[in-house]
Amino acid sequence: MTEPAPSVRPELDAFDQLLETEPAETRGAASAASAKTVAHEAASGVEASPSLSQFVDGIGLYRDPIACAVLAGAGLGALGVFVVLRRAVFVTATLSQAAGLGVVLAFFLEIQCGLQLPPLACALTTTLACAFLLGVRPRRLSQETAVAFVYLAASALVVLLGARIAQEAHDVAAILFGTAVLVRPEDVLWVLGGTLSAAAMLAALTRPLLFAGFDRDGARVQGLPVRRLELAFWSVFALEVSVATRALGALPVFAFAVLPATAGLLCARRLPGVMAVAVAAGALSGGLGYLCAFLLELPVGASQAALAAALVPLAWMLRRARA
Amino acid sequence: MIRMIFSLLLCAACFWAAPRAEAKLSVVATTPDLAALASAVGGERVSVKALSSPAQDPHWVDAKPSLALELSHAELLLAVGAELELGWLPTLQLGSRNGRVQLGARGFLDCSTLVDLLERPTTRVDRSQGDIHPSGNPHYLLDPRAAERVAVGIGKRLAELDPEGSSLYLERTKAFVTSLRDARARFQKSLEKLKGRPIVAYHRSLAYLAEWTGLVVVDHIESKPGVPPDPRHVAELIALARQKGARTVVQEAFHPTRTSQLVAEKLAGKLLRIPGATNFQGGQSYVAFIEQVLKQLTEGV
Amino acid sequence: MSDALLSAHALCVGYSGRAILPAIDVTIRSRELWVVTGQNGSGKTTWIKTLLGLLEPVSGSVRHERPGLGLAYLGQRQELESHYPVAVKDVVAMGTLREKGWLSGRAQRRRRVLRALELMGATELAEQPFSELSEGQKQRVLLARIQASDCELAVLDEPTSAMDAGAEESAWQLLKAVQRESSLSLLVVTHALELARKYADRVLRFDRERRELSAGGVELLGEYAAHGTRP
């Protein structure tokens, strides 16, 4: 359809002629036809709400974002168990902010110094650096103070640097907070990588991590490398948070990292059960949240977060019912 | 078990599938204004969807999954262009996997190519100047003269894509152009009243409206496009506005009102919030939208 | 001597480079039960944490007299994160984790856990959530963790602080049983002087008012009581 069919060419010229006529000629001559047009103009604008069958029709389209959300939900759900147990839920928000700083920094360096760095790589670097900072904080500083420090410093820098690069505000937002509606195929691969790293790390380190969290000094005296374990955990968590934030946005990522784990801790009594519930709840809120957003025409990220939140009281009721 | 339930759900979904609407040309527009124009010139032969609502700043749109589905079936995608939708449309376009609406295809119409854009930077755009659109100001749909050109361009493209309906499209485009020109004639009195009146705007989105109505935009609440106001700028703005006699702050409903309200109070004037775009989903026409904006301006400024 | 496990040489503890107690030489030998006693705030916990390498010494040094010396530590109750979703057997299994080899030897580890639970008379608790146990039960489980760790020296900071007199006595009997069974050395911080006198081999005494630190035999406990600083 690069060239119009020859038969309609005269018609097409007629369109151009419309613009050549003087507006003054038609002034005041309101015709019946035009009144009808105005009345009818938006008749086809009324939309029916989307149905499940339309969703099934478009499944090829939604496969990637759903896979992304399910993977991120499952990975963050499992990692989130340790985050919640360590009373460090706001670390997630801080790492998201650090990722933002990385993206802004990449643009800033390009503008001020002509240095061209991939924004995602910068985001990953600042996120890991912040995770490292939180891991090696001086013992006299409580974890929540360290988290607040990093969060505030990163937020302030994002705003200060951001004010100098307003033109790229869209790019920063796009790179940092993906729309979650559609994701690029490479985002799926990144999130898959993040989730696989999380699975591998947890498979190897769950027991020592549990010991290090349950009785830190006891674990250190028994020879466990507690700081290195924590560093490994927070690095993988930072990786998962930055790639998932890039694909899905900050809100669902924060929700996936906290709420499925909370649901798991509410309804299961041992770690394997807690993990299973958290992974399932994360994956479910990612996938089903997307479907809800489609059927009810709601923003995707918020639907996923709301569904994850709804699973928490459900888990609590389940526990009450069992008790 | 879960697999079985899922298969059952899928089957059920397929049975319930409503028969697809009769073969209309599927048009998707990024803003409600473009949707209203397309609907006006396309009539019954087209089905039109808008990707954003009047309550949304078209720079920042949170697209819904159902819209991605629409885009995947679309035969024509209408965009305002001039980098307005840069932050969100490309992902949606690529993700829709619909070759017909990609950049450069006949099914993609960048409407900014149909009008003469204002504020086209003449020098190299520097990032320190804020969110400047290198191709020019994209808010041209607040000028009915530009809208006329866009409607004609859309009609022409519809006739290209759907030759069988070309005579209908031509008729409807003619009718729309006539109705718009009639309206403009009716507006003449209001325009005379507005000519030369100074106002303060929020964003650079009123450039075309000012050009058409003769309103004089003294300055903007934003210090630079897309950059939130800073205290020094607000102080300078208030001084300048007082000097030029501007008392009304005009902005689209989706912009934040805190600073604007404050500035309006300092100027002993008021804040006038005009609709962000045509209420296409509510059945409003583009002409009715422009009429509403003009009515608000003549009463408020 | 060849049965020495851990020795402190002119070890001086404190914070930010400032000493809070005088330096002392201490050698802990195989199968000894040390009692560490003194008023609250006299620096006991700081001293044992420095001995274990959890804190940096102000001066002096700590030497492991055997290569790969197995250590275990049970801190004060409030240092434990009791809300963790762990069953009793998970807690005991933590004792089997060492720097290397946590990926292997599952079956052997399970045997050690079961045996430790049996020795502590806690087999029936194995599947119960740790957070739902009584204080006495928790203490037995934590002792089972020490037992499962196969260590040579275990340091326990006020392990019986939350118990009534009867429970405290049986806890000390358990401690002694663990020591005998595993032929390990114990260093126990306690305020229970009567029980300490009954079970201790060696004593490390802290005195807050005099800023004194002395190591010796059980007679130190009597001297300590004579000062009248403790009822």
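The chains carry the letters A, B and C, assigned in the order they are written, with residues numbered from 1 in each.
Going forward, a residue touches a chain if its C-beta (ideal position, glycine included) is under 8 Å from a C-beta of that chain, and two chains touch if they have at least 3 such contacts.
All figures in this text were calculated on a predicted structure; none of them were measured in a lab.
If you sketch which chains touch which, the chains link end to end in a single open path, with no loop closing it. Taking A-C and A-B together, the chain pair joined by more C-beta contacts is A-B. With centres defined as mean CA coordinates, chain C is found 73 Å away from chain B. Averaging C-alpha coordinates per chain places the centre of chain A 47 Å away from that of chain C.
If each chain is reduced to the centroid of its CA atoms, chain A and chain B end up 28 Å from each other. Chain contacts: chain A has no residue touching two or more partner chains.
In chain B, no residue reaches two or more other chains under the touch definition.
Interface residues of chain A facing chain C in the complex, by the touch rule stated above, are 85, 204, 207-208, 210-211, 213-225, 265, 268-271, 273-274. Chain C meets chain A in the complex at residues 49, 52-54, 71-75, 79-81, 83-87, 90-91, 93-95, 97-99, 102-103, 129, 145, 149, 151, 155.
Chain A meets chain B in the complex at residues 1-2, 4-5, 7-8, 11-12, 14-16, 18-19, 23, 26-31, 33-47, 50-58, 60-62, 64-65, 111, 163-171, 173-174, 178-179, 181-184, 290, 293-294, 297-300. Interface residues of chain B facing chain A in the complex, by the touch rule stated above, are 9-10, 12-14, 16-18, 24, 35-36, 39-40, 42-44, 46-50, 59-60, 62-69, 72, 86-88, 91-92, 94-97, 100, 105-107, 125, 127-132, 148-149, 152-153, 155-156, 159-161, 163, 166-167, 170-179, 181-182, 184-185, 224-227, 280-288.
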